[in-house]
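Note that the chains are named A, B, C and D in the order they appear, and that numbering of residues resets to 1 at the start of each chain.
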């Protein structure tokens, strides 16, 4: 790769972008960039973030040409990789997604439950459009999708398009990196025997040098105070209450079951206490994130204005490691193992053959080759199959623009207590989201 | 069958027994009895019911020898058919099963949800013991099991025994007979394209002369007042509020989905309103049934004392039609279609190969041959798979006597909102049921 | 069915037609005809056979109107049932099908091996055309197909058409009737645990009153001279050397394996000795059948000319029993068990979900509901799967008109020793059959 | 791995051993040995080969302690890796395996057809014994099995033992290395989309930098003279007529089908011409190999006697690359892709879940993780399924010591034309192999 890659980022005005660029800079030896296009519909954020990125590239990757644009066409043509991290409707829409279920006594969460359902209804049409545009204008490009709900988006793209595409989520990598940090071993030395759906997956066993370390980890945790455990995950964990709770809940589940779940399992496992906390708090996660984003952007602006030194910026590293690593594995054909969202093809024989599943895969220039993970433990099989059916119906509802199928889909979600509640939530979403859900007939 | 069959009824003291005997009398031409053994551990009920049965047989089947006994051995040896309708722990235990979940904000129901789970924990050990006794003492006998939870009991028997056995539930037949009555056609003319698990099953299509009548039925119901519909189902429906509600809810679901569900689906579909009603009522179904049973037994006693004429007795007909029909199909090798609980063997390819499923089967002297019902509609597939996993774990918990597996099983039930609630319910059950659940370690 | 059915027979000029009409006459109570259309492209045969049929109907079913026609349209419009027993290309083409493989050292047989392949290549295009014509002109009609190769024809029809259709083969019924005769019990009392593909199927167990009689039958045969066994199958068996050999070979296989195979299994099991015999004989079965047919038609003509009394005619009874029985089960919605060729849908989980398989099915006004037959014994599974793949490719070759796929299909047939031999045979077929295979590109 | 590995070679007296040691020497940086045990029952060969190996180690790996032994116990205890390359019965038995089928008009080949069947009958009992001994004496050791028939041996070991084990065959690696040589790229850059059973497998696609190169390769071969192609594979290919024929036949199949098959497919594809050639030649491959082995051992002896310089020795490189590479991936936990024989677990959903299949797998300290290869092309699916059934029965026959199952297994093999021929071959084998097959009852 003498020349460097042409890479674009859809949703490039995100506060996470500098973190991602940091990742490219760290690996500029094996994943060099010759052209970087940041595309966003929010010009103000694009300018702020663009300034920071330009500054970052100046010293570290001077040969890389930076372009800022609001024109998607420019971010699609001639690209080798199109990274998509858009958030359709922005964080305001997320707030709607999260707040409505709570009114109906149901968990309000970005990707799990009704919130993820609404996000899918809003996001899939746009993603399907982007995939079609790539197929038309630049069919040899790779779309690396990071936009949530990742599994549902991947399913819709796979059903409607022939483009080269992998959908990822940094959560499994967060798990791997956290565990590596905790065990004080390089995370890439851990092999995850991992299976499920995006945000509903488990590490059944984790091998280090061929030995499953989970039993011993479970023993250790029995005798370790939670504070000490948290400390090992670093400052960031301690600062953000949501992340800290997530960690605590995940460890509680692990202690009981011996398997290491996705942190999102907490919403199924501790449904009542989390719901109670959400009702009590009176504030959605979206609102917290809006504030966090504003703080970060404000800091960016200070840096841009020369009021603060550049070096203070940080964050989004795991996201970057996963994204740049994956991109490098494709570009350099290096056959590395990543946990990705990919068509099943027998990897999990108890789920439909063409369902998108989240499993370890070998990634190379050809894309993702999933590993055959065999049968799932019966204690999680039913939940996974139930959510798989919900997902299948949700994608069908969007692609057919069908209200009844959407209602059926939401009724099928394990966190929704009844058809009536499903209808109330769906109708409230349609009223609140306006134009973006008007396609449901 | 020149000689007549030897038939015993375990749980013969039930108030349903006379209805069942009525069924035998109606079909005494093709299913003649030469010996009838009623076995029960409750001598008082056995006497009362035995008196009534003796009276019934006197005129109608004088050649049939009646024996009343509290000794199971006598009801097993030399029998052709052993009908099992025992209720382990009696209706008092059912009251416990139903009342505890309500305290924890969960549906309290005999066979669905935690109630069915507790019933399985209490019942399976006894049923496994009975099956083992049959295998030892009379391996050529047929066990026709009617004891609930029917699917779970069948699964445990199949896993631990080689006896000839069919587990049935009269619910699909009730559906068939009701629909026949409503349409004014002989119910046996209806063919049910039916699939699922016991108490969680659907008629996807119902054929009359090769034409699916459900779409037209749905149209009709749109324009028919509910009162008129109820009227068609007869007096019994109108009298019992629970049955009436069940009917209404089932029709509501049918109107929305176009498939005719098991009435028990209401607990998943209208969970919140039923729970609210259960909390408000302050009375379990068990308590209602206890009262109903006492009234029936009181009537039996009056009949026995000559205070009322014999002819006034009635009830349990559907139960009898199904049971005697099934028994006749086996005894006479007539290959009739019944909906039964039977090992899957590919009938529903999206469930495990050896799972007990509820599907139409051809019944003959060899037992049940399930029909291949193909793939399930995605809108119910997930729920069925989730409950299948719960069932598999519940049976495993009982057979291994394992508390942890029991907790996992209950946590997996779609009606249980969290692991914590599951634990509270399970622990309350163990405390309340005492000796009968002491085997869980 | 007050009025009687409208039934047509495509290929009505066949010498088998009178036997079939005999079957209708025998069951005229429950399967009455009001109109019978015999259609054939061979006017001469149609006249002869038509005369005989007219004579048969005169006394026995005077209300039935008979029509003879060479116009397919007349045999499709307004019919309730269209029976198809055409033989595309006639027996002369069968002779080509059978003789060419022998030249290349391969079994020459009408439906098994290259012969069946050639027959499929010639027959499927016509059958697909007929199905399309039915769908256009009379979509509520039932096509009961008897044309070979029955499974392949059914697969092509199912893939290209929505018509109501069952493909049958009288072979399983011959097995059942023969066994009934041998055991001296009514054949319908036997229940066949039966699975496979058309002409490649097995009865794993045969139940009489719930007991598998195959083990005892095997014992009996050990101690019974073959002559005596053959005698039990009647005169017809003894007369036709081919049928006698088939019976002997089938019994040899049964003795070794304990399962009762389709007689066509002999071509896989005794390949070398049958091939040797075919080479030695220098005469194809087609040539024998041509002669037999001429003798029968000559006899018909004598009868028609008044030179022989009508009563001397006979034959084709099993064929008739199966056909009229099946037709009656559909017309009268009687839910009888027949072994038919039907989409798999899980009945045999080790074959593709939509493959046409030959299994017991419940037949009613809705068509065939296959029974779930479970896993196949490993000792026959591989052969069945291999032939299933050959069949799938053959149908694909015809529907795509693709020479290469045809060559691959034939190469995949277990009786074809090499790709080279496959090519030689295929090319010889194309040369010999001329126009009818010219569609392969 | 500061200390180096303890490795033993069962069958260490083989002429291939020096080649293997060469491989260890080449990779002594990442796969260092501290102790090497060569075990063989043939003391003479062990001495000769041992001398050569000692000489090789002297300079290249002086720290490695060499032991020669006839005692299996010494080669099992304390080992990290036990490499098994024994040949039960030696090449004389192979000659019997290969010559008997030819007498009956069937291909005589070491691993394919009856020859492989006989080899399995002779070899599996010994391998099962070895696995049991490892499990008892050194359960943490890895058995890397190279003994043929590799898939059948793996299946028997997996069914009877819990040891850590991978069975390999160098054939896929030969394919990969040859193709790399031909294309002039490092072979490890090629990714094989590969599936099947040992010696019956296909590369459906071969990716270089994410692009399937097979279509272009096919084009190239169309226009390349065979001599030129052969030249690219080096001198060794040209020298050995068998290898040259194999190459030619494989390329012929590739040209016709576009998939790159195992060279052993020629026995199914060109059955008649190879059989004819075998009959004409009057000499088995075993006899050729016996002579080749003697020549090599003679050369070794000359070297040992100082009559020739050491440097002239060579051969067995691919074998060594595969073996040492695999061993290194396990020892160093490096997650490399190798094509191995491994339990299916959904990798090929059309084969039984626990069948041993040959597919790409990620190899690390935990062993082999198969990739999910999806559905097989229908044109090879049937043959693979047929051979899978044969294999399953063969292993069952050995483990149960059952003559009838063995006969059924051999009858099921696609290359065996009839049950009678199967019986003749099996009986001849039993007579010729004497004691080693006496366990079949």
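Heads up, the rule we're going with is that contacts are C-beta pairs under 8 Å (C-beta built on N, C-alpha and C of every residue); 3 or more make two chains touch, one makes a residue touch a chain.
Everything numeric here is computed off the predicted structure, so don't read it as measured data.
Visitor: Matching over half of the contact pairs by residue number, can you pick out the copy of the A-D interface from B-C, A-B or C-D?
Guide: Copy of the A-D interface among the listed pairs: B-C.
Visitor: Just how far, in Å, is the C-alpha centre of subunit C from the one of subunit A?
Guide: 58
Visitor: Suppose each chain is reduced to the average of its Cα coordinates; what separation in Å results between subunit B and subunit C?
Guide: 44
Visitor: Need the CA-centroid distance for the pair subunit A / subunit B, whole Å please.
Guide: 46
Visitor: Please list all residues of subunit A that touch 2 or more other chains.
Guide: none
Visitor: Report the topology of the inter-chain touch graph, choosing from line, ring, star, complete and other.
Guide: ring
Visitor: Report the residues of subunit B in contact with subunit C in the complex, numbered from low to high.
Guide: Where subunit B meets subunit C, its residues are 189, 191, 207, 209-211, 330, 333, 335, 337, 344-349, 353, 360, 362, 364-367, 369-375.
Visitor: What residues of subunit D sit close enough to touch subunit C in their complex?
Guide: Spelled out, the residues of subunit D in touch with subunit C are 253, 256-257, 268-273, 378-379, 381-383, 385-390, 392-393, 396, 408, 411-412, 414, 417-421.
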